[in-house]
Amino acid sequence: MNVSYHTKFGSLSNYEKGRVEPIDDDVKHYAFSNCFEIASKSKPYEKVVFGQNQIYVLECLRAEGESPWYTCAHDEFALVMDGEVEVHLIQLEAPQQVSDADKNGAVLVEGTPRGKKMGWMKLKRGHQGLLPKNTAYQFRSAKPGVVILQTCKGDLSIERWADICQVQ
Amino acid sequence: MNAPADLAKVITSQPDADLGYRSFELGGFKFRRDEYFAHITWTTRDGRPLSHTMDVANFLRALMRDVAWGFFYGGVNFDHVIGTTNHYKTVDLYCGSYNGTMKAAGVDRLENFPTEQIAATFQQMLDDWTNEGFDPFAAPQETGTAYGRKRGNNTAAITRARELAKRCVGLKDDLALRTDERGAPVNRAFADVPQDQPELHPEPGFENEVHAFNLFAFLSRSQVTWNPSFTSVVKYSYMCPTTEEHILPIIHANDRVEWFFQMCDEIHWDCADKTTGKPLARVIMKAGDMAAMPAYCRHQGYSPKRSMLLVWENGSPNLVYEIQKGESPEVPVQF
Amino acid sequence: MNAPADLAKVITSQPDADLGYRSFELGGFKFRRDEYFAHITWTTRDGRPLSHTMDVANFLRALMRDVAWGFFYGGVNFDHVIGTTNHYKTVDLYCGSYNGTMKAAGVDRLENFPTEQIAATFQQMLDDWTNEGFDPFAAPQETGTAYGRKRGNNTAAITRARELAKRCVGLKDDLALRTDERGAPVNRAFADVPQDQPELHPEPGFENEVHAFNLFAFLSRSQVTWNPSFTSVVKYSYMCPTTEEHILPIIHANDRVEWFFQMCDEIHWDCADKTTGKPLARVIMKAGDMAAMPAYCRHQGYSPKRSMLLVWENGSPNLVYEIQKGESPEVPVQF
Amino acid sequence: MNVSYHTKFGSLSNYEKGRVEPIDDDVKHYAFSNCFEIASKSKPYEKVVFGQNQIYVLECLRAEGESPWYTCAHDEFALVMDGEVEVHLIQLEAPQQVSDADKNGAVLVEGTPRGKKMGWMKLKRGHQGLLPKNTAYQFRSAKPGVVILQTCKGDLSIERWADICQVQ
């Protein structure tokens, strides 16, 4: 039989949030949130932690306009959940790189990033881009979008669990 | 301790004259299958015979995951009675030990085996008991029946290699993209998922660094269900997306907090106490929802339509020791 | 109280545009199905929304029995969450009320309905949700799939009349023998069961009194599973033999002691506490074995090969009142 | 696919008994027995109750040789589980019938049964015969067989639960 399916994605303008239905537990222990809801209430490029496991985090970013330039001592990955986001990459020169190779999380590049242009990419919904370690990268998004970052918790990570999570 | 060759020795019977299946023994546990069921028997802690019956399709779907995942993280419950706990070099096999009533009544059994011994037994059992036309990895609407007498096998389907990117899917020398040519057509339920690849504009020499891929297109071409791949890796942070349809064939009792990010469609989760099996919560996840499974729970998902779930795992080898020492948090975050 | 016409009014939606199925409401319970699942939602005793998911094939097999049996004796659990209790003029529908944890947590819901109201709702749900080619009465190896979008119906299969002898099968004006001509061929799994009829030597005029029939041949021609007929009646003592294959689709919590006599092959029973669902015992029954199910238990059977089970019921109408007054024994016999 | 099945019946000479596997309960509450085991230890035509529910019973009889003549105020049914058993029926005259129409269970006919011969039947394994109320009936079995009686508990019913049931 030939049936057609409709795959249901969410977006800033159209999402439906699920819920925890507690039976005999504290709903806070499920840290239940929604990336579109978080991004709809965030300022551009706030790195809102919405998943964390020891040093590792998943951050939810509202992509809107140009982000600052970031760099990080380890690889990161950006997954676009809504919108169209450009990622511009510069092979950062050593003095501007994170000096501590073990430092977790992205930091702002001090001053204007110096180094070879590596190129850029345009990510649409479902596209996941590599943010190689020790590069400088900038997001550019003409309209509001949503980016999920796979990274480690760093100086710029923002935690506001009580605001984003179902609490009862 | 036995030599590795002995450890991998599998205790099995000749095929049953009528049914065609072999029986297996592992320590104090016996396994046999017939047309409809897997039968597990054991001697209880207080010395009496006890048995358990599972629908064999459900049993094989669970066994498939346990084998393919190398016993995974923590506990893999086949149902409310039988399951395994991974200690990473050894594995516990148990019946009733994580069932509040059976444990309290002393009728459970738990034995620890070297990983290679239980793995060899489970692999042979899976191969012997899986018939031609039944793919335990496939969605129920996409495979034939597991029932009946022994007929052929499906070794190719049950020995699929796990797809594990080292850094990121699509990089040189890393896990390749899925394509028609590589035997990975778009699944019927994801026919509407865009297959475009990201626009890449690398400067010369940066072709392997200015890199992105279409994760949703990659997942739309998954041939299996409830079987996470690694698609991107940050230190020991693993993105393990998977496509889900029907019921998660195991009830997973992770030994660490595990995070789920629902990327499309929806999954409903039953969460229960890891030790006793008592219901704790339901978690209804829709596109864009994030939820953590606390380390004290066991969880089983229901996906009405094939959906994309990002399982996010912390695979740090230190975590095993922290868990053993009780230093690892059971809840995802305090607030 | 509402008039009967109102009671039988079924609250249902228009068919879902994609899936083709209707949703149903009964009191505070809502039911919908999709390709794989029945979804039941309710408001808990403490006022919160809660949901439950069941594989739709299992749900329909359970619903079929509940409908066909007129809610049977006592409790018909579809699984560990949802079920009905028959009060013989009214019926309780519940979610979680006989699940120890859910009950203690106050997240259950129980509502009492006039029998005709819940019966009408269940009948329409069963008819709307059962696709062409799926027979909820048939053994899994003898029917097509319950899954997928709505396609046709199988009204003939789900409205089979229960076969109830008044005195004895084969007597004049009583339930007829099963034959090929009457659409009851011998089942594949009973092809070796002798079809001879007893030698009868009645003197003239005693043809309807010197009477016997081949019960095993009669049962070998059963087209359904887990669906007792009445074959002989002594006062309110009913012989209710049935042929069983795969899993009893309900977990029966009888309100009286119920006896099983295994006439051929074997069935394995899981017995659990009626109120909480906690495991109590396994009962392994082989040809010639007799066992009672105490009235405090719920039971679910597993039949690896089609087998003949004699369910022996006490259908005395007084028993209902004795049960209500707590005068009916919970155990079969004291010794 | 064409597979052939073997339907497994039991007999006095060949039966396999199952068991109760207690988890958290008293096995006696399941009154678990086996008709072939009971009959193999019974004297001919002992009416051993192996199922009871209020006034109703199922009795297990070892059929061997000729039984006494019985009569009963209500219908009974005989199901043969092993052997070949003849049932002879006489339309009992009123004086020899059970005088109390409500009396439960079979009794022995006093003296030789008087009345019209109704005929007889030969029951093999799986055959179930009607024993109409107020008739006299006699079982005849050349070799040992097993009969299950659907009846009510009466004067001749024998209960020895502790002997026939699994007790631990």
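Labels for the chains are A, B, C and D, by order of writing; each one numbers its residues from 1.
The working rule: contacts are C-beta pairs under 8 Å (C-beta built on N, C-alpha and C of every residue); 3 or more make two chains touch, one makes a residue touch a chain.
For reference, the UniProt names are A, B, C, D = Hydroxyquinol 1,2-dioxygenase.
Since we're looking at a predicted model, the values are computed, not measured.
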item: Centre-to-centre distance between subunit C and subunit B (centres being mean Cα positions), rounded to whole Å; value: 34
item: Centroid spacing, where centroids are CA-atom means, of subunit A and subunit D in whole angstrom; value: 77
item: Centre-to-centre distance between subunit B and subunit A (centres being mean Cα positions), rounded to whole Å; value: 28
item: Of all residues in subunit B, the ones touching two or more other chains; value: 50-51, 101-102, 105, 148, 278-279, 282, 284, 305
item: Set of subunit D residues in contact with two or more other chains; value: 3, 6, 19, 21-24
item: Chain contact graph, described as a line, ring, star, complete graph or other shape; value: other
item: Pairs of chains satisfying the touch condition; value: A-B, A-C, B-C, B-D, C-D
item: Complex interface listing, subunit A residues touching subunit C; value: 1, 3, 6, 19, 21-24
item: Residues on subunit B engaged by subunit D in the complex (per definition of touch); value: 18, 48-51, 101-102, 104-105, 107, 148-149, 151
item: For the subunit B and subunit A complex, residues of the former touching the latter; value: 167-168, 171, 188-194, 196-203, 206, 209-217, 231-237, 239, 256-257, 259, 261-266, 271, 278-294, 297, 305-306, 312-314, 316, 319, 331-333, 335
item: Footprint of subunit C on subunit D - complex, ascending; value: 3-10, 15-25, 27-37, 50-56, 58, 74-77, 79, 81, 87, 89, 91, 116-130, 132, 135, 146, 148, 150-152, 159, 161-162, 165
item: Parts of subunit C lying in touch with subunit B, wherever the complex brings them together; value: 34-37, 39, 50-53, 55, 99-102, 105, 140-141, 145, 147-148, 245-247, 268, 270, 278-279, 282, 284, 302-305
